[in-house]
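Going in written order, the chains are labelled A, B and C, and every chain counts its residues from 1.
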Amino acid sequence: MDFRLTEEQELLIQSLEELLQREAPESLMAEFDEKKEFPTGPWQALADNGILSLGIPEEYGGTPADIMTLTLVCETLGKHAFTLGIIYALGVITIRDILQFGSEEMKQRVLTGLMNGDPPVALGITEPQAGSDAAALKTRAEIDGDTVVFNGQKMFCTLAGLSKDILLLTRDPEGANPYESISMWLLPTDTPGIRFNKMDKVGWWSIPSYEVYIENARAPKNILVGEMNKGWPQLMANFEIERLALCAASVGAAEAAFEDAVTYANQRSQFGVTIGSFQAVQHMITDMAVKNENMRNFIYKIAWMMDCGMPVRHEHAMCKLYVARASFEVIDTAMQVLGGLGYTTDHRVQRLWRDIRLMRIGGGTDEIMYNIAGPQLLKKARRAA
Amino acid sequence: MNIVVCVKLTPDPSDIEVKSDGSISLERAEWSIGNFDLQAVEAAVRLAEAAAAAGEESKVIALSAGPEAIDQSKLKKDLLSRGPDELVMVVDDALRGADTAATAAVLAQAVRKLGPVDLVLCGEGSADLYFQQVGLQLGERLCLPTLNAISKIERDGEVLVVERDLEDEVEVLEVPLPAVLSVTTGINPPRLPTMKEILKAGKKPVRRLSLAELELSGEIAPQVQVISTRAPEQRDRKQIMLSGSPEEAAQKLVEQLSREGII
Amino acid sequence: MAGIEQVWVFSEKPALLAELAAGAHGLGEAVEVTALVAGPRGEAEAAARNAERVIWLGELPQGRMVEDYVPTLAKLVETPPQGALPPDLLVNGATRRGRAVAGRLAARLGLNVLTDVLAFASNGELQIRHMIFGGGAVRVEKPLKTPVLATVGPGVLEAPPELTARGGEIVEAPFVEPEWRVTLRERKPRKAAAVNLAAARKVVCLGRGVAKKEDLAMIEELAKLLGAEVACTRPLAEGLDWMPRERYIGISGAAVKGDLYLGIGVSGQVQHVIGMNGSRVVAAINKDEHAPIFQIADYGIAGDLYAVVPALIQALKNRG
């Protein structure tokens, strides 16, 4: 079993690291966070250097890349500029849904836009009464001749106010089975009748989330993505890779926090010695390293399985469950090692700490991951018996 | 337009280890492409791209000479992912620690073997030694117009119009082709390899030449003997930290500088 | 210094040529210096004060560059003019032109060049010392062939204190037409104000800790009050583009060895330290008390530069 990266993967990471050092240095990313501004410059630099073209088919001007490569990209982004890693990961599901189910016109427009530096397409599922119970969404789409009229409200719709389009999920209230009544649409955000209200969060300050109020917003009915009432299976098709991307970025962030902690432990002196000489700190550092190693191996394994075409139904959920928690623990421990300094805005660990906490909630809560994995694991055992 | 760009592959000088006796070791250093040479590669690739856009057949050949250690797969891919079409390497352990005269002789002979060449570009100096000589000596050995400190290159038909960055002034010069130019840092930031280029790199042609094939006679006999390579001597510094509020610390600093006769 | 008797010196900069010519006498008691001058007759006469002999290459005609004299110089080395002896050592001033002349001359004569020599020494034979590995190491080398070609910058060769005016004879040399020429289209003044960090006695250097270009004004005010030049570390000169390259201290930039180096927001990485460690007094301001620069500083202030620098400016102004 060869655990090494290929030379091409190493060179890509090297190139991306150099790009991030140049275009997304820590001081700049801290400034974006502080000002609560989207990192337009660094995001554009990713576009200009072909990073956003990865995984997009050649016929649209992209560079095909396997899932392992995308995982490495997310991890590298997460490590050097966590904000960019999150934004990149958020775009994975919407881009793939459009690639898989969208019309040619949609693909051309959205993919070209992304590769030119547009913020990713926002994902509009969650509503005030529909979070983990996503199928309880109520936003309606009524066909009126050649147009479709939307009414409803979305919540925690990240980047919606900055994106050109929302990938909007609607439900037919007459449909008996909710999972067969959901449809997916690519709705331009400048459609009259749409109003955005930014939500203030504890973290992800450069990555705004919105309440989206949709009142009689009209659009041509060809903005349907895929088929009517097939929205749910379409959405589920790319949730696994989405979660993997978010995990990879999280692992990167945890690695960054680890490095900060080790550097500090080697420099900071108290009681006449470096704090790294204390057993307590050594234990903390080791625990962090163990978790990082586990997380890395887990995400690489899932990426490998997906590249082999193997199902990852419960495995990916287990991965997200573990990574969301472990990355938070690692970053939290790093803050402990850094002490008071870690709590000040002078240091990046507080930003990583605030940003990582959402991973246990967004992209599928820990509890939902249990719900996916638990029954599957038991079912597997029953089949084997 | 056929352009040859000379690149030195060396152990990365930022990886130097200072041993307890003050001597220097690069044994554990990773080999890398000289950062000044990357600028020359970029300049070459841009000129070739411009010529190709104007309908001329163009090619960039990267040329390197050194000991066996330079023949590393990842290093070759790294270099080829930055735009050159081909890589030619003169590999022989006899070239370990070669001085500027020997290096220039080897590169000159290699260039002669590459067929018709319009332009040879070199970096300002190598990443490890930075003697800033090889490009100039190479050009003179090839009996071609050769200049250093080139900060800008533009094509004007059969000649190049270049800017040469000197201490007091900038010369704008017309250089007939073929020529050999050593470019300064700041001529152009090197492009970062994209995934596409990285994937293509492994498929580009790489040629190894031996010293025997170059038919050099005695020109690479060493002209310099290295007596020692040591870490620079550390001066004993006072390491006095001035404490207090910014105003107090600043006042203390002013007093110390005054005592030292600085102000 | 055993073995070094005939030293030829060349530089297109008259001041540097004078320093090299005078200084070359410090290489040994028996040293005879021949200065090579390309310029007006007056420069040849000035050079004669410091050299036993001057070979005057003539005035540079319109459209000619100093490098065009390389074939002439090569011929002179191989066949010295009447009464002159061939050089044991040929020293070129370490300017960009000087390096170009040295390199091309070396190639014509099949020789190597010892560049940016920091010191000449002798243990019975000639040895030189210079920096390599981006300033991370000092290398001592012994040339195995003569003549020895070297490039030397200012502040290296020191004339013996008892040296009197040499009053050398001036010999003219015929011009050897070069095989190729480049055409000078235009001379443009340098965009940046000419700054010579290597000669600066006091330097204020800003590093990554200085976050915004707008803060330069504050640093410049401080430098003015101290009578210092403003310099910067590599990331600022080459990445963020705030300052021209001549103001960069570090591996491929200037080395400063004046009286004062004051680093502001400079962390003190090796590549930069080498460029400034020759300064007599090193002071640093950095908010990280563990920044490596404090290890090589005489005086350090661990604090926010945005508070300390204004305080320093005020303290200096209060002194009057």
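Here, a contact is a pair of C-beta atoms (placed from the backbone, for glycine too) under 8 Å apart; a residue touches a chain by one contact, two chains touch by 3 or more.
Computed from a predicted model, the values in this text were never measured in an experiment.
In terms of Cα centroid distance from the overall Cα mean, chain B ranks first. The greater number of contacting C-beta pairs, out of the two interfaces A-C and B-C, is seen for B-C. Among the remaining chains, the Cα-based centre furthest from that of chain B is the centre of A. Computed from the mean C-alpha positions, the centre of chain A lies at a distance of 41 Å from the centre of chain B. Between the CA-based centres of chain A and chain C the separation comes to 54 Å, rounded to the whole angstrom. Remark: chain B and chain C have CA centroids separated by 21 Å (rounded to whole angstrom). Across the assembly, chain B contributes no residue that touches 2 or more other chains. On the chain A side of its complex with chain C, the touching residues are 22, 27, 267-268, 346. On the side of chain A, the complex with chain B involves touching residues 7-8, 10-12, 14-16, 18-19, 49-50, 53-54, 63, 65, 69. Only residues 13-14, 16, 24, 26, 36, 99-102, 104, 124-125, 127-133, 135-141, 143-149, 161, 163-176, 185-186, 219, 222-235, 237-242, 246-247, 249-251, 253-254, 256-258, 260-263 of chain B touch chain C when the two sit together in their complex.
Within the complex, the chain C residues that touch chain B are 65, 67, 70, 95-97, 99-100, 102-104, 106-108, 110-116, 127, 131-145, 179-191, 194, 202, 226-227, 238, 245, 251-252, 259-260, 270-271, 274, 277, 280-283, 289, 294-304, 307-308, 310-312, 314-316, 319. For chain C in complex with chain A, the residues that touch the partner chain are 208, 211, 239, 287, 290.
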